[in-house]
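Multiple structures are listed underneath, in structure tokens.
The following pair of complexes shares a single chain, subunit A, combined with subunit B in the former and subunit C in the latter.
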Partner chain A sequence: MKNLNGISNLSILSILASILGIIILIPIIFIIYENFASNLEFKQSFLNYFYDTFHLILLTSFFCIIFGIIPAWIITFLKIKYKFFFDLLLVLPLAIPGYVMAFIYSDLLGYGGVIDFFLEKKFNQVISFDVLSINWLSLFLSFSLFPYVYSTARVSFSLIGNTYINLSESLGVNTMSKIFKVIIPLSLSAIVSGLFLVIMEILNEYGAAEYFGIKTFSVGIFKYWWALNDKNSSIFLSFILLIIVLVLIFLNNFFKKNENKIQYHIKSSSIILKKIKNPFSKFFAYVVIGVPIVFGLFVPLLSMTNNVIKNFSKFDFTELSNLIQNSLSISITASFIIVAITLFILIIKRYSNSNLLKFIIKILSAGYAIPGAIIGLSIMLILQQNSFISVLMGTTFLLIYAYVFRFIAVAIFTIDNNLKKQPYEFDKLADSLKLNNLKKFIKINLPLSLNSIIIAFLIVFIDIMKELPLTLILRKSTGKFNTLAIEAYNKAKNEELANSSLYSLTIVLICIIMIIVVNIFLKRKKHVH
Partner chain B sequence: MKKNLILLLCLILLGCTNKENKENKENNQITIYTKRHYDIDKHLFEKFEKDNNINVNVVQASSDELIERIKTEGDNCPADVLITVDAGKLYKAVDEKLLEKINISDINNNINKNLIDKNGYWIPITYRSRVIAYNPEKVDVKDLSTYEDLKDKKWKNRILVRTSSNSYNQALLSSLIAHHGKDIALDWANQLSKNFARSPKGNDRDQIRAIFRNVGDIAIVNSYYVGLLKSSDDENDQKVGDAVKIFFPNQGKNERGAHVNISGVGILKKSPNKENALKLIRFLTSEYAQNYYTNNSFEYPVNLNVKPSSIVAEWGEFKIDKLDLNELGINRKQAIEVFEKSKWN
Partner chain C sequence: MFIKIDKITKKFDEIFCLKNFSMSIKKGEIISIIGPSGSGKSTILKCISGICKIDKGKISINNKRVDNLPVNKRNISYVFQESPLFPHLNVKKNILFNLKKYDKEKLFFLLKKTKIENIQNKYPYQISGGENQRVALVRSLIRNPDLFLLDEPFNNLDNSNKNQLKKIIIDIIKETNTTTIFVNHETQDSLEISDKILILINGEKKTIDTPFNIYNKPKSLKIAKMFGEVNELLIDNKKVYFRIQNLIITRKSSIKGRVIESKFMGHFYKITVRVDTQFVNLLSKKNIKKNEIIYLKVIKDNQLHF
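So, the complex of A and B:
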């Protein structure tokens, strides 16, 4: 039982947490307000943005499913050599930002590119094709996004375990129907949440889409805002995008609810790995695992390394170390603040069970899906309203605020999933021992959440390292503040891909190290369970 | 406790904020907001920093973003100068009342008169022409004449160009509106898009690469990209660059000359270091900087005492369109509307 004092303390805290949540939400509130405040009309040309965005989403998702689910299935259920390495290598492409992937491949495969010239030399015949198209972009983006589907599918497959599979086998179900009638339905919610992250990334995609001449929402928002000087249309497009995102979040939650029902039944035995007897099938299995690794990781890494070696004498390494320092310090500070705020809000939600706070947290999860560019611009517009707050423009504080808005969802997903699994009996026990909330948090929930906190920190860190439009718009205007991502993007955009490679390679290497650390933590977490 | 911690962190950050702004008020520095992000510019800023012992801060973003940023920062804007690669954007900054008049006639004396701002708000640094790159094996140079002629049916499925949201294309169309009016410009854009070899995409270099692979025969590109390809360290790029030739349109006796645009600089009204801003402008238009620009970026120097680089000189002299460059800004909104209505995506 909570005493009176406890309740009032908690309600103050929950009000504080709600206010904090609302402050973080200001950019969304502003877009919605502006949308209704100004006279907006739906233009025929908006339809193109729908068409292209959905085309890109569907095709990229399709490729991500192929590159993600099949290898996850093979790694989980079949006996494969070097499983640990494959498992890791299939996640690492996440370290390569989508725009870098797209620029690298269009440079390699495009007209007058390395492959083009190679084929000409080898076969004495021109075999080239136009890679600047929506279908190719889908493929290139999927090379860096499939790990989202792979990792969620992989976790889900290993949770299914052998119980269901043995059961279906004893019922005489063949392999194909086993996959489509048992495994896929059971993992559907996990695959959907992986795809959800893929779609969020695509909606955020700006740099590559613009270069490929494809009309995604982000490209449209920029075009109306800057090129057409039509802020209203741009706000309207942002608003439509926001609604799409909310619908996706709703669908994702809907699938998650089903998942809870399923998990209840799973008391799985550990998986018995099947040996592949047929050498041809064995070879085929390795090819299926190998393709996404080669194209998602080795080819871009080799291409970047090659560019770096070729231009080695031209690089300014003092600048590189300066950029690394900037990127690391801003990413670490912001990740720390994001995780701290997330933990505060989620713990207060757990203790107070406030409905308002629950609602705010749901909306906060939408932040991840809103293109960085919109956040940056809506923040700028808000600052323009008042000269007092405009002092904040170009400060570290504002940049971190924007990061909090954009990436708090990532921390919420990770930490909240873990908190939900902590039995409420522990809390009740602490209450019966008359521990106050702070002690309850420090003694019980914090130690139990530690792993998820570290994972959240690392994922947010990786995201901020790669982040582009927000940093570009809101970065400090004094001192020599530039980040690796800004430098890499500027160079690539300026048609100097070779020079940009040093910076993108550095981002990728730092992120690879972080992903390996996350994986080690995840493995440790499994042992703890 | 956690709450206090967050509060404390916010306070520390706010503290940093104030410090950051104060730092900027110090005298011996200059803050440059620039669209240009080439290594050449970096080198020149470093040289300026060393020679004058002035600390240089650079914020690089697109011109529209920078203008928006200057407006947002208001009185706290630390920027001293704005550098863009399009006279239209400088006009936009003037229109938003962000720039002040620059009164240094000694600089203008050395600068090509056709490129000077008649209102005195900005100074050009370099200029470039939007030219026609063509495949000499497929195109008889006699068939090439004017921008207007590109809408002719003989060019069906042969023209390559990037999208209409690109500011170089918008500037070109602004000049056509200034000369012929909106209706003719719309007809031109529509007819021209019927002649496209593929839907607009990629950057200027990609158009030249597509000529190299026979996707189309001619491309509308900025002159210096051909120079950059020809002088590249990459053997493949050199081959691509060598495969095309440059044609300057509208050179006939009664024709107006090829469309040009400038890279230019303006001083912000609220610039905290105006003296340094003037020093920078003198430096960027000096013979040293102008030589450096033309020999590395293959743009044309605006300083009359400096000759274009050998690669640029090879393309020969040409007649430039003498249109007041502010027209590229004045007609921008209409140009964008025309593009929106046209089939040029």
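So, the complex of A and C:
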């Protein structure tokens, strides 16, 4: 279809989509430019940020592997009662933001906490845990982050199926060797992908690290910008963090590329579940599944609920209602915009096959890995340097723009995966039936993508509901717009954990409902396929 | 007997897959199991290997019961339908997977025999389907198994690869004197490579005999038809059964027919003839025109009796 000047409408749309992609990418381009344009120097104190960040990453990853992989193996390969519920319960801790988890456990285990109080009262023992340390924070964060490793490992284990298990057994392999020689190597890329997400979340973590006094890069960026008014150091730290993230993305892609060749050869087959005969082993299996569920879900939920019930009469429910309204409206609006932009860009890429658009989408896909602090900082820098657009400071528009950059990758991943599964023959068939691109989209690609669009919307929604550092930076300048996440963080920071619990519990309950809905849609998707 | 399978039964969801199945195998023998889809062929192999637990019965190898042992303690090698190689290991590591000690000379012999000595460092995604099957074969045989199980190993292979692999398998099994059970749906392959053929229908053993007897003296028309076309003809009010190559054209005979169709099959023509109201097929080196009248003779010695 051509317009009056002979340029096809698809070309115009492709240029439009590319421009849109570039606009979304501006913050990242700017931070790189600023790093080279400013006179930046490396300070000795930056080494502490390296040390603390890597210490936190290593320990949290270790705990996530333990809490994620072993339950995934048990649920996939062994006959377990109430498997469906365990499977769901092991994903639900994702609904609890890392900073909320850390606040709750520091409250429970710290000086004057429930455990301390109980031990003192019952046994007249004073055992104080110094929970405000990297080691404890790693454990607390892993309670909320292990589902990333669990879900990727679970999918990968299911794909291995029975063929390789039977084969390795017939080649004389015992259970332990089977895990280390077959199951783990075949799932390595999935486990690495899960760990990659965990690491990205740790790099993005601000609230918990700041509360625990841990010097992560995100904390450093905030500190130099707001507390020390040292803009250059803040930019430098952002740049280093960006380089680390890019290296991690490269490593993850390298693993994936190699593993794609391996995955291609894995013929999935149904799994015959093994019965656990020994009662002790059975008990042990339930304990292994139960520990991450209890500590990642039940303890924090009970603790928050207990705090809410105890302080029920003191809460300002008008404020809560306003915050819910704010959080829901911004999350719904931003999720809708993100999904719409994603769909537009991906469909134009599919119809036009534009290489520029493919390249832009590749870079946008890395957006999720870029910590919120970097995005927030670069947007602030852009606004400070241009008086014309500085009026946007503190506006919802700016916040949504930042969310688009940060979370568009989530939507791209979900919707693109679905679009790739739709054969191009459908498009050709539509062309042969003389449907124009709009009708082709409405009648073919849209209905086929509907499930993935809903899933993408829900996942982005959950992420925005929990988001803290980006919102914190962009509303800090004006302080006008508050969300549940910010208020939960502020109250916890001011040692008002009981008050914080109300907001945290609200976030968690909303996210839990959303995760259950996502799970239902995912099951439906499987059924449809 | 080296292998003794005694009245094994296996049910899935209350449906019998195997019912009181028994069989004995001598050391070094190759047994083919033939049967329609869903007859329980692969289930037998899974039960023997231990992948599936039997509900009843006994399995012994060299007078030692193995049905109560786990899969990894039975010393049985199993080459699956699409015998997968571990995609994260190269060919050599796949072959030596989980082996602490191995016979280097035997490995050299097997690699040479299967012609895969040059691909040892390649990964599964770098080799062809035929090579994949040969690697799986070597991986199984290097372990000196007491029993070697092959589950439709020629599936998905083209004719050239299949013929090569067939010859390699027979040579190696005979040279290493490995007792083998071979499940296949291609009856021609079973006739070629087996010492005995077992017919399995609905999880029950119908017969077990040499390939020659199974082909020429089948116990039922159903079994006869599994191994090739069978003509039925009413001669002197008596129904006579015979294979199509045992019907020949003669100058004068009491059986007279009209040619209905002639199909070129490569080495020969397949002629369909109408005899009164009956139709029979025969093989001819020459083409015969449609509607031509011909006389036919059944080679008496090769008639099938059920």
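Annotations for the structure displayed:
Going forward, the second predicted complex is superposed on the first by the 496 of 529 C-alpha atoms of A that agree within 3 Å, B and C clash if a C-alpha of one lies under 4 Å from a C-alpha of the other, contacts with A are read in each partner's own complex, and residues count from 1 in each chain.
Going forward, a residue touches a chain if its C-beta (ideal position, glycine included) is under 8 Å from a C-beta of that chain, and two chains touch if they have at least 3 such contacts.
On a predicted model such as this, the values are computed, not experimentally measured, just so you know.
When both complexes are superposed on subunit A, subunit B and subunit C end up sitting side by side without clashing.
Subunit A is touched at more residues by one of its partners, and among subunit B and subunit C that partner is B. In the superposition on chain A, contact of A:Thr395 is made with subunit B only, not with subunit C.
Within the superposed three-chain model, A:Ser168 lies in touch with subunit C and out of touch with subunit B [touch as defined at top]. After overlaying the two complexes on the shared chain, residue contacts for A:Gly213 are found with subunit B alone; subunit C is out of touch.
Of the two partner chains, neither subunit B nor subunit C is touched by A:Leu47. Centres of mass aside, this uses C-alpha centres: at subunit A, the angle toward subunit B and subunit C in the superposed model is 160 degrees, to the nearest 10.
Annotation: superposed on chain A, subunit B and subunit C show a minimal Cα-Cα gap of 42 Å.
When the two complexes are laid over each other on chain A, subunit A has no residue in contact with both subunit B and subunit C.
Across the interface of their complex, subunit B is touched by residues 13, 16, 20, 45, 48, 110-114, 116-117, 126, 128, 130, 132-133, 210-215, 223, 225-229, 310-311, 337, 340-341, 343-344, 377, 380, 383-384, 387, 390-397, 400, 438, 472-473, 475-480, 482, 486, 490-491, 494-496, 498-499 of subunit A. The residues of subunit A lying in touch with subunit C in their complex are 163-164, 166-174, 177, 181-182, 185-186, 188, 261-267.
Within the complex formed with subunit A, the subunit C residues making contact are 49-51, 70-73, 75-78, 80, 82-88, 97-98, 123-125, 139, 143. Remark: subunit B residues 1-3, 5-6, 9-10, 13-14, 16-17, 20-21, 23-24, 31, 33, 37-39, 57-62, 64-65, 68-69, 71-79, 162-163, 165, 167, 170, 198-206, 209-210, 212-215, 225, 228, 233-234, 236-237, 239-240, 333, 336, 340, 345 touch subunit A in the complex.
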